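Structures given as C-alpha cells follow.
The following pair of complexes shares a single chain, chain A, combined with chain B in the former and chain C in the latter.
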Partner chain A sequence: MLSHIVEELPQLVVNGLVVGTILALPAIGFTAIYAVLRFPNFTVASHATMGAYAGFVANVWLGLPIVPSLALAFLIPALSGLLCDEVVLKPLRRSSAATGPMAAAIAAVALTIALENVIRFVFGNDLRGYDLPVYRDWRFDLGFAFLRIGPQQVENAAISLAVMTAVFLFLAFTRTGKMMRAVADNPTLASIKGINAETVARLASLIGMGLVGVGGMLLGLDTSIDPLTGFRAVLTVFAAAVVGGLGSIPGAVVGAIAVGIGEELSLLVLDASYRTAVGFVAILVVLTFRPRGILGERAY
Partner chain B sequence: MTPRLSRRTLATGLALSPLLAPAVVRAQGEPIRLGTLTPLTGAGGPYGPSMRKAMEGVIEAVNGAGGIGGRRIQLYGEDTQTNPDAAVRAARKLIDVDRVSAIMGTWASAVTTAVAPLCWESRTMLFTVSGADSITQLPHRGFIIRTQPNSTLQITKLAAFLGERGAKRIFILAAQTPFALPNKEILDREMPKYGGQVLGQVIYDREKTVFRSEVDQALRARPDFIFLNGYTPDVTILLRELFRAGWTGGKVAPAYAVNQRLLDSLPAEVTNGTVTWAPSPDVESPAFKRLQALLGTNDPDPYSCQTNDHASLAALAIAKAGASTGDAIRETVRKISQGQGQPVTDVVEGLRLIAAGREINYNGASGLCDFTETGDILTCPFRYEQAEGAKLKTLRIS
Partner chain C sequence: MENYLVAMAVFAALYGMMALGLNVIWGMAGMINLGLVGFMAVGAYTSALVTVRHATWPMWAGVLAATAVSSLAGAAVARITARLKGDYLAIVTLGFSEVVRLVASNEIRFTNGTDGISAIPGPFRGQVAPATFNLIYLGLAAAALLLVFLLCQRLRHSPYGRVLRAIRDDDQVAAVAGKPVLRFKTEAFAIGAAITGFAGALYAHYNAYIAPEGFVPLITIYIVLALTAGGTGTNTGAVVGAALVVAFMEGTRFVVAAIPGLAAVQVAAVREFLIAALLILVLRYRPRGLFPEHHRRYPIPDERR
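This part shows the complex of A and B:
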C-alpha cells in the first residue's frame, strides 16, 4: 500500500500543480472582481468559454500563434465583462444597498447562460481543437517512480505564471494597481483620497474577465473546446477562490493550487468519480476552521 | 316568402361546414399532440437537431397526406441539454402544458432514466434511443419502447469483436453513467469466452477537464486494449492523454463518442487505430434511403434513423387504435411493428393500408422495429469502424 502511494505521489502532485496553475488565472479574475465590486460575478463560466473561443478564432481562423491568440482571449472577454457589468449588473447592484449584490449575482447566473447560448449560436455545439501539434510526454525515472510531464502542460503553466507575475507587478508597482487595492481594502477611505471608484470598478471588470478568458483558453489548449468548456471548470474556480479567501489575489493562487493538488491526491483513496466533491469538502473544511479562507480577505 | 337565414341555422351551418372541406383542410381540426425531446445542446448536441428533423419529416408527410383520421399532428419540441435536470423540466412542460401523448427521441441513459417515471405516471408513451439495460427494467408498465439495442446486446457484440482482434487484457475508462457498471459486468462475463479478461475500470467524472491521473491508473494495469466508454467531449481528452502518455495499444470506443467531429478536432496521429462499434441502421431499407434525401446526407446517424421510426411508429399506432392517447399507442404499437401484416417502410403507405382495414408490419430506417414485451428491440445489425487519417473506415457491417 505504502509503495503504491510513494509510486503515485510525485505524478499526482505534478498533475495537481499544473491544473492548479491554470485554474489560478480565472480564480484571480473572479476574486479581483469580488474584492472591488463586492459581489460574486458568476459570468466567469461563459467568459472562460468566450476566451477559449476568441483564442480559437485567432489561432485557427486567423492563423496566429498561441501568444498573440492569448491577447485576443484576454481582450474579448475583458470587453464583454465590462459591457455586461455596465449594462446589466451595475444598475442591479445599485438598486438597493441590502439586496443589490444578491440581485446582481442572480442576474449574473442568468447572463452566463445567455452568453453561453450566444457562443453556441455563433460556433455551434461541435468540439473544436486548436491548431497545435500533440507531443508525447517527457518521461523521468525518479528511481522509485516514473514521472511524465507534457510539453504543452509546461508551456501552459509557464504562460499562466507569466500572466500572474504581470498581475502582481501591476498591482504592486503601478498607480492604477495601487488604486485598485485601495478601493478593495476600504472604498470609503479611497474615495476620500480622491480615487474614482467608478473607474476602478470598470478596470476590475475589464482585467478580471480578461484573466478569466486567458484561463479559459489555457484550459482549451490542453483539451478541446465546446460551449461548456467554462462550465466544467467553474466549480473548481469558485472552490479555489473561496478556499484561498474570497477577495484575496494571492489567496486565489494558493486556493487553486490547493484544490488542484487536493483533487489529484484524492485519487489515492477515492474513486475518480468523486473528484469534484473534493473542492466542496475543501470549502467546508477551510470555512469551518478559517471562515475568511486560507489567506483571509486582504486584496493583496 | 323569402327564405331567411336564422341565427340558429347559420350557427349550425358554420359548425358543420368543416365536414364539407377536403381532407387536408379538415386535418386542421383538433390536432394530435406529440413531443420531441432531443439533445439539442450538451454532449448529444451533434445529434439532436438531426434527430428532430428526422421526426419532423415524418409528421410533415403525414399532415401532407391529410393527417390521421382527418386530424393534423402537432409536434412540440424541447431540448434535454443532455442533462437530466433540464430534461425533466422539458418533459414536464411537454406533458403538463402541451399535453402530448408521446415523447420521442430521448438520448443518453441518465436523461431517459430521469424522464421515464414522469411518462409512465402520466400515461405518456416514451420512445427512446438510450441503451442502458436498466431502462426497460424500470416499472414502466409498457410505456417505454426503445429502438437502440440494450447494453447486453451491445457489449456482447463488443466482446466478440475484441476477441477477434486478439484483445486479452482490457481496461475500461468509463464516464459516470447508468451503463458504466452493467457494461463492465457484461464484459467481465463475455471476455473469457474469447480468452480475454477485464483488468479493471476507472469511472471518471465527465465534467472534469483533465484526466491525466485516470489515464495513469489505466496504464498501471498494463492492458493491451483500453475501452473508452464515454461521450465525445471526455473521450477527446482521453485519446489525447493516451497519446501523450505514449500509449500504442488498442483503443475502442462507442461510435457515438468517436465520431467525425471528434476526428476533426484532434490530430490524426492521436486517433489513428481507434476502433468503434455501433448499432447500424438498415442501409438497404427504402426508409433509410428516404431519410438520406430528407436529411441531405448519405450517412444519417443511427439516432436520426431511430427517431424517424419513433414518429412513424407513433403515427401508425394512433391510426391503428383510432385514438391518440398514450394508452392507445402502448396497446397498439406492437400490432403495427411486428407480426404477419403486410411489410411497409413508409408511414403514409402504412396509414393508407390501416385505413383500408389491412394489418401491417412496419420496418424502418433503423431496422425491423420488432419489440419484446419489456420494450427492447429484438435484434439489429452492427457496424464496426476504424479511424485512419481522421476518417472512419468501415471494417464490416454484420
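This part shows the complex of A and C:
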C-alpha cells in the first residue's frame, strides 16, 4: 500500500500543479470581481465555456494557432462579462428593494443558464476538440517512481503562468492596477481620493471575465469542450477562491494550487468522479475552521 | 389532454410547495438558497431508496424520512455558513446541489447511478387506470400543498415568524433584542429544506422514476422564479407564482416547437433561455412580485407636539 502511494505521489502532485495553475486564472477572475463589486458573479461558469468556444472558433474554424486563439478566448468573454454586468447585474445590485443585494447573485445564476443556452443553440451539445499537434509524453525515471508529463500540459501551465505574471505586474505597477486595488481595499477612501469606482468596476468585470475565458479554453485544450465545460469546473473555481480567501488575488492562486493538488491526491483513496466533490469538502472545512481562507480578510 | 392538464396541476402543486419552502428561507429569514434542487433531490432519493431500492417501507414512511433527512442536510449547510456573509451561503448551496447530483450519479450500488431508480410506488398505481391515478395524486398533492401552506401561514404570523422577519431586515437589531440569530437562521433554513425535500419525495412517487439529470440547476431557477413572480415574503404569492411558472414553462413548449427549422436541442435551449431571461426581467422590473408583502407603516409622531 505504502509503496503504491510513493509510486503514485509524484505524478499526482505534478498533475495537481498543472490543473491548479490553469484553474488559478478563473479563480483570480472570480475573486477579483468579488473584491471590487462585492458579490459572487456566478456567470464565471458560462464565461469559461464562452472562452473555450471563442478559442475553438478561432482555432478550428479560422485556423489560428493556439496563442492568438487565446486572445479571442480573453476578448469575447471579457466584452460579454462587461455587457452582462452593465445591462443586467449592476441595476440589480443598486436596487435596494425587498430582494436585497442577493438579487444580483440569483440573477447571475439565471444569466449563466441563459448564456449557456445561447452557446448550446449555436454549437449544439456535441463534444468538440481543438486542432492540436499530437506530442508524445515525456517520461522521467525518478528511481522510485515514473513520471509522465505531456508537453501540452506544460504549455498550458506556462501560458497560465505568463498571464498570471502579467496580471500581477498590472496590479502592482500600473496606475489603473493600483486604482483597482484601492477600490477593493476601501471603496470609500478610494472615492475620497477621486478614484472613479464606476470605471474600476467595469475594468474588473472586463479583465475578470477575460481571465475566466482564458482559463476555460486552457481547460478545454486538455480534453474536449461542450456547453457544460465551464459548469463542471465551477465548483473547483469557487473552492480555490474560498480556500485562498474570497477577494484575495494571491489567495486565489494559492487556493487553486492547493485545491488542484488536493483533488489529484484524492484519487489515492476516492473514485475519480468524486474529484470535484473534494473542492466542496474543502470549502466546508475552510468555512468551518478559518472562514477568511488562507490569505483573505474577515468573512462575516 | 385532460390527463396532461392534471399532470401540470400536480407539478404546479409541487413547485408551489418548494416555493413555500424557499419563502421560509429567503422571504422570511432573508437567507439565499441557490441549491434548492439539491434538497429536492435529497428528498426524492431518500424516499425512493427506502421504498423501493433498499427497503419496502410504505410511501408515507418514505416521505417522512425524506423530510427528516433533507431538514438535517439543510441544518448542516446553514450551521456552517449562517454566521458568514450571504455570499458564502450562495456558494455553498450552489455547490451542495452539484455534489448531491455527483453522489447520485456515482454511488451506483447505492443509487443506481445515472440509470436512475424506477418503479417507485405511488398510491394505487397499477390498480387503477392511469387517468384515475393522476386524479388521485392531484388530490394528494393539493392536500399536501394546503397543509404546507397553512403551516407556513401559521409560521409567518406567529411570533417566531416575526423574529425571522426581524432577522431578515436587520440581524444585528434582532441580536441586540436578545434573539439567538444563529439558531433562528439554522432552524428556518432547515424548515425550508424540509419542505423542499418533502415536495421532492412527492415528485419521486408521482413520477415513479428519478435520475440525477432530472435535478439540474434550472429547477432552482423555476422555484426562485415562482416565488419572485408571486411576491417574496408572501405565501399566497409563492403558490400563485408556481402556477404561473408551470403555465409559462408549458406555454413555451408549444410556442417554441412551432418555430420552424429548429433542431430539438435548439428548442430546449430556447426554452431554458426564456425561463432564465424571465427571472432576470422579474427581478429587475417586478422585484416585489404580483402580491407584494405589505409593510404596515407606523408614522413617526410629530416631535413638536
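In the analysis below, the second predicted complex is superposed on the first by the 291 of 300 C-alpha atoms of A that agree within 3 Å, B and C clash if a C-alpha of one lies under 4 Å from a C-alpha of the other, contacts with A are read in each partner's own complex, and residues count from 1 in each chain.
Just so it is clear, contacts are C-beta pairs under 8 Å (C-beta built on N, C-alpha and C of every residue); 3 or more make two chains touch, one makes a residue touch a chain.
Small disclaimer: the values here were computed from a predicted structure and weren't measured.
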Clash-or-fit label for the pair chain B, chain C on chain A: clash
Which superposed partner A:V242 touches (first chain B, second chain C, both, neither): second
Partner chain(s) touched by A:S273 [first = chain B, second = chain C, both, neither]: both
First (chain B), second (chain C), both or neither touched by A:A105: second
Partner chain in contact with A:V118 - chain B first, chain C second, else both or neither: second
Touched partner set for A:F42, first chain B, second chain C, both or neither: second
First, second, both or neither for A:P68, with chain B first and chain C second: neither
From 204-212, 222-230, 240-248 or 276-284, the chain C stretch with C-alpha clashes against chain B: 204-212
Chain B and chain C footprints on chain A, overlapping residues: 120, 125, 235, 271, 273-274, 276
Residue ranges of chain A touching chain B (in the complex, touch as defined): 8, 11-12, 15, 19, 120, 125-129, 133-137, 139, 148, 150, 152, 219, 222-224, 226-229, 231-233, 235, 264, 267, 271-276
Residues of chain B touching chain A in the complex: 41-42, 45-46, 176, 202-205, 207-214, 216-217, 232-233, 236-237, 240, 243-246, 261-262, 264-267, 269-270
Residue ranges of chain A in contact with chain C within the complex: 34, 39-40, 42, 88, 91-92, 95, 97-103, 105-107, 109-111, 113-114, 117-118, 120-121, 124-125, 235, 238-239, 242, 246, 271, 273-274, 276-277, 279-280, 283-284, 287-288, 291, 299-300
Chain A-touching residues of chain C, taken from the complex the two chains share: 30, 32, 34, 80-81, 83-88, 90-92, 94-96, 98-99, 102-103, 105-106, 217-218, 220-221, 224, 228, 232-233, 263, 265-266, 268-270, 272-273, 275-277, 279-280, 283-284, 287-288, 292-293
